[in-house]
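A, B and C are the chain letters, set down in written order, and residue numbers restart from 1 in every chain.
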Amino acid sequence: MNALPSPTQTGGSTLWEEMRARGVSRRDFLSFCAWMGALMGLESSGAAQIAKALETKRRLPIVWLHFQECTCCSESFIRSSHPIVADILLDRVSLDYTETLQAAAGFQAEECMQRTMKESYGKYLLMVEGSVPLGTDGAYCCIGGRSAHEILKEAAAGAMAVVAWGNCASAGCVQAARPNPTEATPIHKLVAGKPVINVQGCPPIAEVMAGVVVHLLAFDRIPQLDSLGRPKAFYSRRVHDTCYRRPNYDAGLFVESFDDDNARKGYCLYKMGCKGPTTYNSCGVIRWNNGVSYPIQSGHGCLGCSEAGFWDAGSFYNRLASFPGFGIEMTADKIGLAVGAAAVAGVAVHAVMTNIRKHGDIGEHPGEAPDDVDPTNTPKP
Amino acid sequence: MSTRIVVDPVTRIEGHLRIEAEVKDGRIVDAWSAGTMVRGIEIILKGRDPRDAWAFAERVCGVCTTVHALASVRSVEDALGTVIPPNAELIRNLMFCAQYMQDHVVHFYHLHALDWVDVVSALKADPAEASRIAQSLSDWPKSSPGYFSDLQKRLTTFVESGQLGIFANAYWGHPAYKLPPAVNLIGVAHYLEALEWQKEMVKVHTIFGGKNPHPNYLVGGVPCAINIDEANALNAERLAFVGRLFEQGRRFVEQVYIPDLLAVAPYYLDWTEVGGGVKNYMAYGDLPTNGFADVARFKFPRGVVLDRDLSKVHPVDPHDPDGIREEVSHSWYSYRGGDGKGLHPWDGETEFNYTGPKPPYEHLTVDGKYSWLKTPRWKGHAMEVGPLARLLVGYASGNGEIKEAVTETLAALKAPPSVLFSTLGRTAARGIETRLVARWATEFYDQLIANIRNGDTRTFTRTSWEPSSWPSTARGVGATEAPRGALAHWLVIKDRRIENYQLVVPSTWNASPRDASGQRSPYEASLIGTPVHDPKQPLEILRTIHSFDPCLACAVH
Amino acid sequence: MPQSPLHTFRRVYVWEIPVRFFHWINALCIFVLAATGMIIAHPPAFVQASEASFSYWFGEVRFIHFVTAYVFVFNFAVRIYWGFVGNRYADWKNFLPLRRAQFREVAAVMRVDVLQERGTPVHAVGHNAVAYFTYFAMFLVFLFQVASGFAMYSAMSTSWFPNLFAWITPLFGDEYALRQWHYAATWFFLIFTVVHVYLVFYHDYVEGHGVMSSMVGGWKFLDSRVDETGRPADGKSWFGATRHTPPPDHPS
């Protein structure tokens, strides 16, 4: 089911031919393939495989839809640090439809999409940024007078696979946070019978986005996914396990307040609410914007932005916070302490009562039976 | 006979904008601007911890990322009376400047340029000619004939492949394109260079906020701690990196962006006569140099210019209950007290009430409600906000730096100030302010280094961090100048939770539907009189609308 | 209606060695797990002149938590095994609330322990029905704690055992949610222990059957008129059946 139909394609040249035409040297090309391979955690043979694939494969048409989103996934995408990524992915992998960048507008833009869906039926990749609102017949998100849901269904029908960019498309992100007023719904819940790749994050790291695209181009099949549909190559490690502040965590050296001495020493942000211990993403490894930094390195805890529902997981500054069903104020500690106090009080009262009510039952001397109890007395049914 | 044109989706913007326009005798006689996507972030923010709000608010938009986070933390600080340390303010200013530089350059090259630059015409250019023009414009090194001829070859292969990708099906060859082929070729070259450049500029955010898009903010300061000797903090190396990024950024702005703007503008001077819009301009001002309370010392002044009268600046106060109000008479919302009356954002309400046609639809019912944007008004006036408004307010306030920058540019174009009230004026204003901001960034940077050198490394004020220290109710406003204009968040805190949260966003001011009295907002007003050569090719509509740099995710939220 | 002021007790061997070992190892594990768990949840701020490379105390706390977790699991496995091969008191069937007689006993225990009625003692030789059921609930929480703990642990471990539990995380949404529940369950143990220890003392004090020491030595002391199933030694049954034809639903 992971295998995708090969994009035999509408004439044209291979990716490598096009890159060469654009002035990319063989050496740069190979170094690009190696970089991609490393990024995807492939063995060194992986890089060769990528190179071979890019040398022989025809290029892939892409339809990139925008629904309920903030467009930061597109923004992140254009931050891909390798120049070749921008070159080949942006305008050479046939981005046939993307509202943010395409020159045509209105019905001319829609024509571009229709043409790809028709001419490359079954051979194009569908990329979706944003969630789909199901409320009010879809009126919460319309493009060209049609609802996002309609457009998605139509575009998914002929797609070979669907890439759900970011938390919006993978899990609904901020608009799906309580009370989700528009019934914002992630893509995988609406597309049946097609592989959906959840490239998580708010937004995903540019290199991760590039890596997923190159994987699809190079191998004709979707990458291995975790149980939540995220590519394993990028989402199998916790931020916490790859965090360079980890030695501080193990040593119990914690920031106790923003900008305290510990913060200036770069101690662990666990007590500032860091969600790194429960968040699966590559931030600690790839970092952001060509490896310059990542949230923790710049002093703020991880928000958990690659996890579904991270908006409703309590305050960003508490590690464990609100408890489902008990309202936002209630933490497990508050509930536990209350019940615990009740238990202790109950026990104390009971002990006092026992001494009063059962005084007569309690034998005073060894071998003495309770004075007024017949052990063979039948308890009332 | 008039024709109704619908442009939906309007592309090369952020978000989902629909324009319906009535064209008669080759000119637009009426227009309606509609936002067609909503998320309800104001509803979602209710009941949350005010200290978390910035992260939710920031996700309103990934294009002007950071500005909503900034407005949000300021609103909480305003409510709680928190004064942030000088370094935190400088770092926020630096992030602000980096955002302007990146966002404005991306707008100019990637969202707006294709309205003026004909990509296909560049194929016919003489690379030597392009080189000559480029060298006459600036010292930018990538300007040799070889550079341009290589580029042209690549472009030719690309076009001949028949698959034009993002350039497909556009309006190439439209008679409204006026640039000579060589200038078009320069435009295409810089489109690609700017794409490379922008991802460098945002590294300023990555250093201070950990990532871009969506860097981290903090109520009470900034999250990054300063320690020049520590590998794990904002240290000497990181600070030097920031300095380098601003230097490189400024070079691109001064040697590529501004020269291109000045090279293109003279071919399109007819666009100084259209697209004027509502004639009223508003700015909240920003870039504090002495704390946010000292409005007089903002780099961008605060105020309102009414009816293009540059001799007077009216004061504007977001706290004033009679100043800013939002209406919903043409928006898909309802107010408990009736839709006729505007509400100050502290009392604002967000209750969906979709009355439009059931999708799929051909036309919106423009007599009734027709957009997900609310309609903000200042004392009943429609206001344009954005780079042009900032410059006009600055100019009218007699701000020396701004006046000088404007005058300089106008002199280069040999044009009077009145040309600013137009489509092209808006586009030029964006360039002028980018250059100012690039210069100011250097001042802020030097100040930050000086503070640190003097031993001040504070970046956070803890005084009002703990909710137990808060009053049971509090209200605040966080104002800023987003790249697209005046932005503010209004916040009401009750029992340590958000009771009400309302955003009034630059694109809300500009792109909103008309108000109860029928007054048009800037997009609709500016389209009137715009020529349309071919109703099937709405290039001219795109020019005027793009001159505002629309962001609909922002506008609706 | 006193029968005789003096009468004899018989000793009944109730808790075999594996049950006693299980109990005390288990109690110790839970103490350690709850203590280390709470430190993991709320690490204290130790003031120390420090470089991360000189210290590893937090890592050690977690290490103890994980090692104890293994002991806890296998100790628990022993008890489950003993539920099948041990004596009648240890039998797994006692723990499942399946029979009417058990519920009648629950009602009786409630009357005696909670309403503090007098004169109708409940003769349970093993645990009484309320205790069995509570322990059963407790065992379910054990299972949850093991499952959630090892599911979380699978993320940091390559060994096969924790990875048997990896599939559990998505059932709870994500690891964050799972951690919340793991944490909440800790409170359950803390509260259980308070009540449990109290009740043990209470029964010992009121009934004088040596309940307390039975978890150490294995023996309980029963009225000589009661046999080792808790029924009258004279053959009359409190539940209406004779000792020679025990009700089919009674474990023996």
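Definition applied: a contact is a pair of C-beta atoms (placed from the backbone, for glycine too) under 8 Å apart; a residue touches a chain by one contact, two chains touch by 3 or more.
Model, not experiment: these values are computed from the prediction.
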If each protein chain is taken as a node and each touching pair as an edge, is the resulting graph a line, ring, star, complete or other?
-> line
Of all the chains, which has the CA centre nearest the overall CA centre?
-> A
Going by C-alpha centroids, which chain is farthest from chain C? Tell me that one.
-> B
Cα centre of chain A to Cα centre of chain C, whole Å, reads 40
If you average the Cα atoms of chain B and of chain C to get two centres, how far apart are those centres in Å?
-> 64
Averaged over CA atoms, how far is the centre of chain A from the centre of chain B? Could you give it in whole Å?
-> 29
Expected list for chain A, residues touching two or more other chains, is none
What positions in chain B touch 2 or more of the other chains?
-> none
Please name which positions on chain A make contact with chain B in the complex.
-> 10-13, 18, 21-23, 59, 61, 66-76, 78-81, 83, 86, 90-96, 98-106, 108-112, 133, 136-148, 150, 173-175, 177-182, 184, 202-203, 206, 244-245, 257-259, 263-266, 283, 288-290, 292-300, 303, 305, 311, 315-317, 328
Chain B residues touching chain A in their complex are 6-16, 36-41, 43-44, 47-49, 51-52, 55-56, 59-63, 65, 110, 114, 119, 150, 153-154, 157-158, 161-163, 165-171, 195-196, 198-199, 202-203, 205-216, 218, 220-227, 230-234, 241, 332, 352, 354, 356, 358-362, 372, 457-460, 462, 465, 497, 537-538, 542, 553
Could you pull out which chain A residues touch chain C in their complex?
-> 227-228, 238, 241, 247-254, 256, 270-271, 275, 277-280, 304, 307-310, 313, 319-320, 323-324, 332-333, 335-336, 339-340, 343-344, 346-347, 350-351, 353-354, 357-358, 360-363, 367-381
Enumerate the contact residues on chain C facing chain A in the complex.
-> 1-9, 41, 43, 45-46, 48, 50, 52-59, 61-62, 104, 108, 111, 116, 118-123, 155-156, 167, 169-170, 173-177, 179-180, 183-184, 186-187, 190-191, 194-195, 198, 202, 205-206, 208, 223, 225-226, 232, 234, 236, 238
